[in-house]
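Pasting the structures here.
There are two complexes below, and they share chain A, which is joined by chain B in the first and by chain C in the second.
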Partner chain A sequence: MMSRRATTRLGLRYAAVIAVLLVFLFPIYWLFIISFKTPDEIFAFPPVWWPANIQFANYAVLFKDGDVIVVWNSLVIAGCSTVLAMFFGTICAYSLVRFRTGGDDLAIWIISQRMMPPIVIVFPVFLLYVWLGAVDTYWGLILLYTAFNLPYVIWMMRGYIADIPIELEESALVDGCSRWQVLTGVVFPMARAGLFATAVFTFVFAWNDFIFALVLTRTEVLTYPVQVTHYFGGQSNFWAKIAAMSVLGTVPVFVAVAMLQRYLVRGISMGAVKG
Partner chain B sequence: MSLLKKLAWAGAFAGLALGAWSSGAAAQSADEIAAEAAKKYAGTEITVVWEAGLQSLDPLNFSGPLWEKLTGMKVKVIEVPTEEMFTKIMQEYRAGTGAYDALNVIPSWMPDLAKAGALEPLDSYVDKYKYRDELQEIAPTYRDNQMTVDGKIYGFPDDGDVFIMYYRKDVFADPQNQADFKAKFGYDLAPPTTWKQFDEIGQFLTDKFQPKMYGAAFFRQAPYAQLMFQERFRNEGGKFFDPNTMKATVNSDVGVKVLTDMRAENKFMPPGVETWGFVENLAAFMAGQTAMTISWPPYGRWAAGYGQDEKALNWVPKTQIAGKVGYALPPGGHPQLALGFALSVASTSKHKDAAYLFIQWLNSKAISTQRVQLPYTLRDPFRVSHYTDPTYLSRWPDAKDYLATLKLASETGLLDLSILQTDKYEEALRQGISALWGGEDPKAILDKIAAQWDAITEKVGVDKQKAAYQGWAAKSGAYPQM
Partner chain C sequence: MTAAAVASRRAQARGPFLERNFKYLIVAPAILVLLLVGLFPLIYSAVVSFQGIGMIDQDTSFQGLLNYKALFRDARLWESLAHTLIFTAVALPIELALGLLLAHLFLEKLPGRALFIALLTLPTMISPIVSGATWRLLFDHHFGPINQIIAWFAGHQVPIIWIVNPNTVYPAILICEIWQWTPFMFLILLAALSNVDKSLLEAAELDGAPYRTVFRRIVLPAIWPVMSVALMIRGLELMRLFDIIWALTRGGPGTMTETVSIYTYVQGFEQFEISYTAAIAFLVIILLTAVVMWLLKRMEIAR
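Up next, the complex of A and B:
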């Protein structure tokens, strides 16, 4: 039987957990619940905590008006750029680790690119894209996000690959494997958790980007964060659409993170465990 | 028939034909001229930049398709959030992309955009397409203040934005309220003409009806509230700058009084009013939870129930106060002509004539009269004829009072501060307003704003800014004409 003191301590711990959860989960709850409300309920004072009827009209209008295409645009752009960044970044990381390409400084130089605030390069990039004819194109944004995420992928994958015992690769080479076969047969499976963890964060960076998407798009390849701003007018805020589109824009990331959670935990802790 | 007679008949015919032609030409209105001239650009696509949200439903649903039907030209609408519009326009201009043809610009940006070279001067087009006469029919406030930079036309005022007061006629006319108020304050309960009256009425109604109804509420979010500050500051005698030195004088006693009063008034407004924006305040007023408010003209239309059945307005709560809303000038009598929009042509456009013809057509008397009555967009009356348009007057029972008040407000309205890099000055004001709601001392806030303003002026160049300010201050709507 627990002592009174232990019970109190446990109770306080639970209370603290619940308080923290409330603080962090309330905005998400509020976003979801607004998306199911009628206009009168959205603006009701005092607030309506739970709508009288859950209705999907706010979502239906996004599909009917075709606004939902922006989620597809975001999926294509973030997805393609993630695949490209992961592919090239992993190869690059392998080269840095196993062949010491560029010596000790190259990796630092590469990650330092990531420390630069996007806003300082956005206008030069815009000028370059105008010249290339890449403004408002899928490939323009895919290329940009790939380039922007490469340093992160290289840096992360460098750590994961360094943790793989080189003896395993040497054994495979002795057995007659080529470097590509070593990569696909040994490195990728061994670094799978790290690959997934890095891919998820890379995807989220591209998915959530606002500043590049705002500057480099006009009408054709709007992404979902830019579309959300279209629901804010000087004299109008379409809260229902804002909430519904935000939910649609949030769900893919939630799903990806939920599906890959076990890899994420392992991937994030890989470096920590092995030093 | 003798030769002389034949010549006389021929002369008469020629005279009649010429007369008929010339009277026909004279009868051709600006929209017809524009549409006729634009037919030679059939198949051309022009890109217009428009504020995102409700505003863009005008070119998307109404004017764009109609123009295409009339001329064969296509209109591609680029929706941009208000706060990004200036940057996007400048960015495309600096890069020389030619991506934009026609532009919606906020008049206070016009000096910056015009001096940078981003806007096409329109005088030659106005003459070429015979628009000068019809252009002059725009209400004087907008025409004289929101169209030119250094004497050249860079935009057509196209949105009669102005703050007016909306109040509950039924609450004010209630005999018991009348009697109680008069007993307490010694004058009749009526729409306030001074801020002292406003405070007394607001507190009185809140004391009597809260929490069911509060005496008043305003939008208090900084982007909106800074405009309300600009209005009230000048109504009470404040000046933004010393015109000789260009030193900021916003931190005068008047400024301190205005900020102090603004914060004190929140106490008789609904809880949480400090975070209210356009829609939160609208929702409370439409639900009958506030007795007075000040805002742009759409409040008046929507509160009356105009356009309630429009699908595009289904995000607006249903009005509970139709038929109970009165319209008045805000206390002080000189309302802010807050923001507004003008139509311009991008200097880098590859289709300048086509873009110009589209904006002339949009801005013309015939088409603008229809556009300002679209319930789902936010264009407000801006031509003298809009205020007396028979169709508009019949839109709802009190529409005549509404239009008469808008007309009066336009005649006495005050321009937004509009000098070089205005947004930087306004950003300092916005930060100051946020600090005010956060509890900081009004004098300290204003001293900080004044220091920031002086620094911006130094950076722009004192002489350059002085010239811009003096040009602005000379306009009829810059400061109250007492």
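Up next, the complex of A and C:
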């Protein structure tokens, strides 16, 4: 039996937790609910807290106008760059851990590539891309996000790979496996949890990026955050579009996070510990 | 010798080469990408920063330190740096304090705890441009819910024009920033607090030490390594602040909320002052590198 004091304490903690959640989730609620409102309700005064009937017209407009293509663009670009960054980053991290390739200097140089403000990186990259003809192309953004995420992947995977018992790899080598087979047959499966956690964050970084996409796209490969800003000002119904497009871009991330939630706390705190 | 035998001997010769240089071969792709997208453009823009390329003038002759000298007379640049520092100096301690409080709230077991923690992390997962847009909807002076909520407490309608009024635009941006990133601090600090040795805490509690003392003597030293890195990550991100302000105010009203990232963008991609922007970029790189080195030394993050 819980004592009365303990019960009161639990009640108070629940109240505090609920209050905190209300404050932090209300903006997300508001974004979602606006996307289901009619124009009358969006521009009602005082504000409508719950629409009379949920309707999907705001989404239908995005599909009818073809604006929804930007979600596909985001998916292709974030997806491809995540796969590339995970693959190249993981094999690089393996070499750094097992062979100490380049020592601490190389590892620190790699992480230092991630410390600069994106605007400072993107400006010279823009000049390079104009010269290469890579502005407003899929591969241009994929290459940039891959490069931008590599330091993160390498540093995260370093920690996960260091946790793998080296005896497993040694016995595989004794059994006649090549180094490459050790990598694909032992290291990748053993680091599975770490790979998932790191991949989610890598994907979310690329998916949520605004500034690189703003500078390096024009019309062909717009990503969804850039498209959201195109609805600011001007059009009379821009709020409905802002909300609907934002929801379309946010739901996939929420779903990914929900599915992989058990890896995430470790993923985030590892990132903090290992830098 | 048959062609097949030659091929097989080649394969044998290639095998040891791949094995021998395996550690370099698997590092190479990552390094090449980083050099191509990281180092090469940086060198190129260093060259550009000594030229005179702008919207009107495509002068590629060597201009010496002309652009760099101009930086010191550019009041708007120094103001944007000041804005950046103010946002960082205000948001960072608040995010830390709130994160610590929340982490303590969720530290003990509570039915439904895992779900609550997952829900609380949602703001951090949203694109900053979307959270800026969301707060734009919330802050709207007429149709937004925030003025309505304030009106309930005040007892009459309030006409606060959040993102246009110079007095309220800073709080508006800070609220959005803090809302989005406090959960990030919270998660890291929760993980750090969960790893603090419970037996030490219990012993201190038996001695009747107040939590203040326990926190300072036991908890803080234990979580400091993780906390300092979290502070550095958030601090650096705040120094780059761009998306949220772009969505909320675009640096306005006027240039009141222009951060150094926004100013750099305006110079480079709206004014097309290519060479001058390259010079700004290098100034920022030098300043940030100095700050990071200093912090790393101060915090003694040993590796």
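By definition in this document, the second predicted complex is superposed on the first by the 257 of 275 C-alpha atoms of A that agree within 3 Å, B and C clash if a C-alpha of one lies under 4 Å from a C-alpha of the other, contacts with A are read in each partner's own complex, and residues count from 1 in each chain.
The definition used in the following text is that a contact is a pair of C-beta atoms (placed from the backbone, for glycine too) under 8 Å apart; a residue touches a chain by one contact, two chains touch by 3 or more.
Please read all numbers here as calculations on a predicted model, not as lab measurements.
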Is this a clash or a fit when chain B and chain C both end up on chain A?
clash
Is A:A240 in contact with chain B, with chain C, with both, or with neither (first, second, both, neither)?
first
Just chain B (first), just chain C (second), both, or neither: which does A:F43 touch?
both
After the superposition on A, what does A:S3 contact: first (chain B), second (chain C), both or neither?
neither
Once chain A of both complexes is superposed, is A:N53 in touch with chain B (first), chain C (second), both, or neither?
neither
Just chain B (first), just chain C (second), both, or neither: which does A:R13 touch?
second
For A:L144 in the superposed arrangement: first (chain B), second (chain C), both or neither?
second
So, A:R218: does it touch chain B (first), chain C (second), both, or neither?
first
Between chain B (first) and chain C (second), which, if any, makes contact with A:F123: first, second, both or neither?
both
Any idea whether chain B or chain C touches more of chain A?
C
Should A:T229 be classified as contacting the first partner (chain B), the second (chain C), both, or neither?
both
Can you give me the overlap between the chain B contact set and the chain C contact set on chain A?
42-45, 123, 126-127, 215, 229, 232, 239
For the complex, give me every residue of chain A touching chain B.
39-40, 42-45, 123, 126-127, 130, 135, 214-215, 218-219, 229-241
Interface residues, chain C side, partner chain A - complex
18-19, 22-24, 26-27, 29-31, 33-34, 36-38, 40-42, 44-45, 48, 102, 105-106, 108, 110, 114, 116-123, 125-131, 133-138, 142-145, 148, 179, 182-184, 187-188, 190-192, 225-226, 229-230, 233, 236, 239-240, 242-243, 246-247, 260-261, 264-265, 268-269, 274, 277-278, 281, 284-285, 288-289, 292, 301, 303
Complex contact set, residues of chain B against chain A
47, 51-55, 76-79, 81-82, 84, 88, 91, 94-97, 99, 270, 277-280, 282-284, 287, 289, 296, 298, 314-318, 339, 378
Partner chain C, residues of chain A touching it in the complex
10, 13-14, 16-17, 20-21, 24-25, 27-28, 30-31, 34, 42-47, 49, 88-89, 91-92, 94-96, 98-99, 101-102, 104, 106, 110, 113, 115-121, 123-128, 143-144, 146-148, 150-151, 154, 178-180, 183, 204, 207-211, 215, 224-226, 228-229, 232, 239, 242-243, 246, 249-250, 253-254, 257-258, 261, 264-266, 268-269, 271-273, 275
